[in-house]
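First the structure, which I've put down as structure tokens, then a few questions once you've had a look.
Labels A, B and C are assigned to the chains in the order they are written; within every chain, residues are numbered from 1.
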């Protein structure tokens, strides 16, 4: 069952209202400038269709919601509805969609949209955080910490319908999710992860098994026959601060970029990776060196998800020049 | 044989005269401010008894000692006598003791004190250095490089009685020690490590086996039945400069914080970790970013030693809020 | 067949015209100041013969060459001819040669010179780059990206004779090379690596197997009986930016210094490591902290190649002082 075709849709999601640090909306622009699209076209021969950036509206009188004061529920709800439609369109039109954030709230929409195109998607969430708080357990009221919960069918009963979110029904079963890189998980989140036995490779287990074994177990667990489309929700703060410092909620003790690229290359090899979110790069945090390092890391992860090989690519049609060809 | 009860004693040891860089005495204050005690109470449900900081006296006319000009022998001796008593009291009263440095000279006292409460302790020394110089092999004359030697029974004959140290008899046999993280070992130290076949996992072996295997072999070697109390002497400079730059004698090529946290979690799981030293954090060295990163690392190590789980904790008595509970 | 004797020749190669960033010529001076020679003598008991720095001439009217505008071909050719002679002399006189760069173009000369002394050398190239572009595939025209290609017999037919290089015939068969650390390989390079089945452990494979296994497979592949002299061409940019930032063409996702030191220690243990290039340290790039970290890393790699043990050395003739020896 071949899912990928020859195209990749790119959707810019400069949404930042799932948290409160300015700068994360610059992700789409700066990642394009970092040249990941060029790499996808030149190295791996993709036809990339850049849909440009979505426009988001700040809904007026968007009072916070519930006992945890969830911030801007309507604005987030509307934004994710647009995101879902855009991702669905890209996957239907081209087979795949790369959604560039923006903060991690966008994954509520991207996962929903992906599931409209393929209802049997499996989800790999790579992140220091599980983002599986509900609007009743959130410490911060920031929706970028809840987009995981909004996507999981079994958690519906924990999540009251918030204004702006009536369109969303969760699309992924707890059995079809794997978390990798966790190291900052709130009590309510660990409760739900345990209760629904959601497969997690937190940093303790990544350290114990190594990324190669973790990827083997991950694919064996959620996609043994490699016949289901994969949604990768990649939060750049899964990487250690040493490799990706420019992000809103950094947590020490993270993945190396090598591990991130290994994960991306393994997923590419399945040929079933049809949806990727690259979120939480915030170029305004930290130094210039840190910003460029973080953008570079994100750029390489995206290219490795779609065919950039660490060992080097020989693009189709490459001709090896010989001296005699140029009269030397 | 259950050693741990429900309490943890915390002793601040702002001692800096085992070396010569100002700033390391700030460790106790800044680590408290970093909130490790809060984590121990909230996440793992401990009753923490903070004894506050010990007061140390600079002994007058404390001339240096012997051919290696050991600095401030009496001041160090007196300080460690106080430390020993404080650690012994904490372990007797609450079952465990966390000693926050200050420089690594304090481990002469903490190990001695721990051994008064449990004479069958085993010692895990995690450090870039072995700190097993004697007063006759020391290059620097700094006692923070000798606290290991002072603790080992078989080395007694190499260590002349220094003024201020008559109270100390070494308490740990060479067979009951494991070093992890070594990468800067002087000739006299390697001579003694070889002669008494002290088990060392230097960075070459950590690279070869990985931390999971190293911890398995370590516990198998010194605590196969997990029935002996463990003293962990954790020098923050065991971690690579990339993860803990703010320390007095940094050495490149070190452990990752992930490995440090993995080690701490494994020791916590034995339920036999009753004494922990966290030493050599020097907030005055390097940049603010480096200082905060180092304090964050030390904070996480301490919490992981006593129950913080990388995958997330569900504290006892946690109630998962449901919409119907709050009329939503 | 014992190749090493008791001496090490050190040749300073302050050559920087294989690329265009000033500062890399400072490598020899600064690495000597970092004290690696002292370490070799004190720790591992070598007699080190420092030949000082080679002098290089900027050939007049050295127009660039061919369709890829190869820069300063004659200057590079002349320099490498000198380098080859110097390396050959050092290996014949003392058994080994350490060549301190300077940029990676110097390896064309060092490998050639090493092969004049031992024609059955095997080559281990540790680098983020393969440096196996030809003068017809180079994107940059910089000869530091071609010194690998110049050394490989099978690639002769792809490399037109450039002015200044008539003296050079490639000396190493494709079968006798292993690359470690690759992560930035051009299409023409990957084409040649595939075509001649050159053994490469790029960062994907290093992540998958770990450095211990990689070194085992490397030596098993090119030196199973450990009876052939080894040439190590070590480009400091093989290490991740976090561990060696001060270099001309840094690429994220690299080796840790631990892995670099492990590799060096393994090669030392073969007692067949007779030629080492340490190249591309550029102290003028980045911060002072980064410069010192990079020099420290290079210093440790060199010492580990020739007997510095991470677990600590006991130099021959070391006497353990006892209290009674000094009347204490």
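Here are some notes:
Following the convention adopted for this analysis, contacts are C-beta pairs under 8 Å (C-beta built on N, C-alpha and C of every residue); 3 or more make two chains touch, one makes a residue touch a chain.
Being a predicted model, the structure only gives us computed values, none of them experimental.
If each chain is drawn as a node and touching chains are joined, the picture has every node linked to every other. Interface of chain A with chain B: the two copies contact each other largely through different residue positions, with under half of all numbers used appearing on both sides. Seen as a C-alpha superposition, chain B sits on chain C after a turn of 120°, to the nearest 5. One inter-chain figure worth recording: chain A and chain B are separated by 39 Å, centre to centre, where each centre is the mean of the chain's CA atoms.
Multi-chain contact residues of chain A, defined as those touching 2 or more other chains: 210, 242.
Of all residues in chain A, those touching chain C in their complex are 210-212, 242-243, 256-259, 261-262, 265, 289, 293, 296-297, 300, 309-315, 318, 320-323, 325-326, 328.
By the touch criterion stated above, chain A contacts chain B in their complex at residues 66-67, 130, 134, 136-137, 157-160, 182-183, 185-195, 200, 202-210, 240-242, 252-254, 286.
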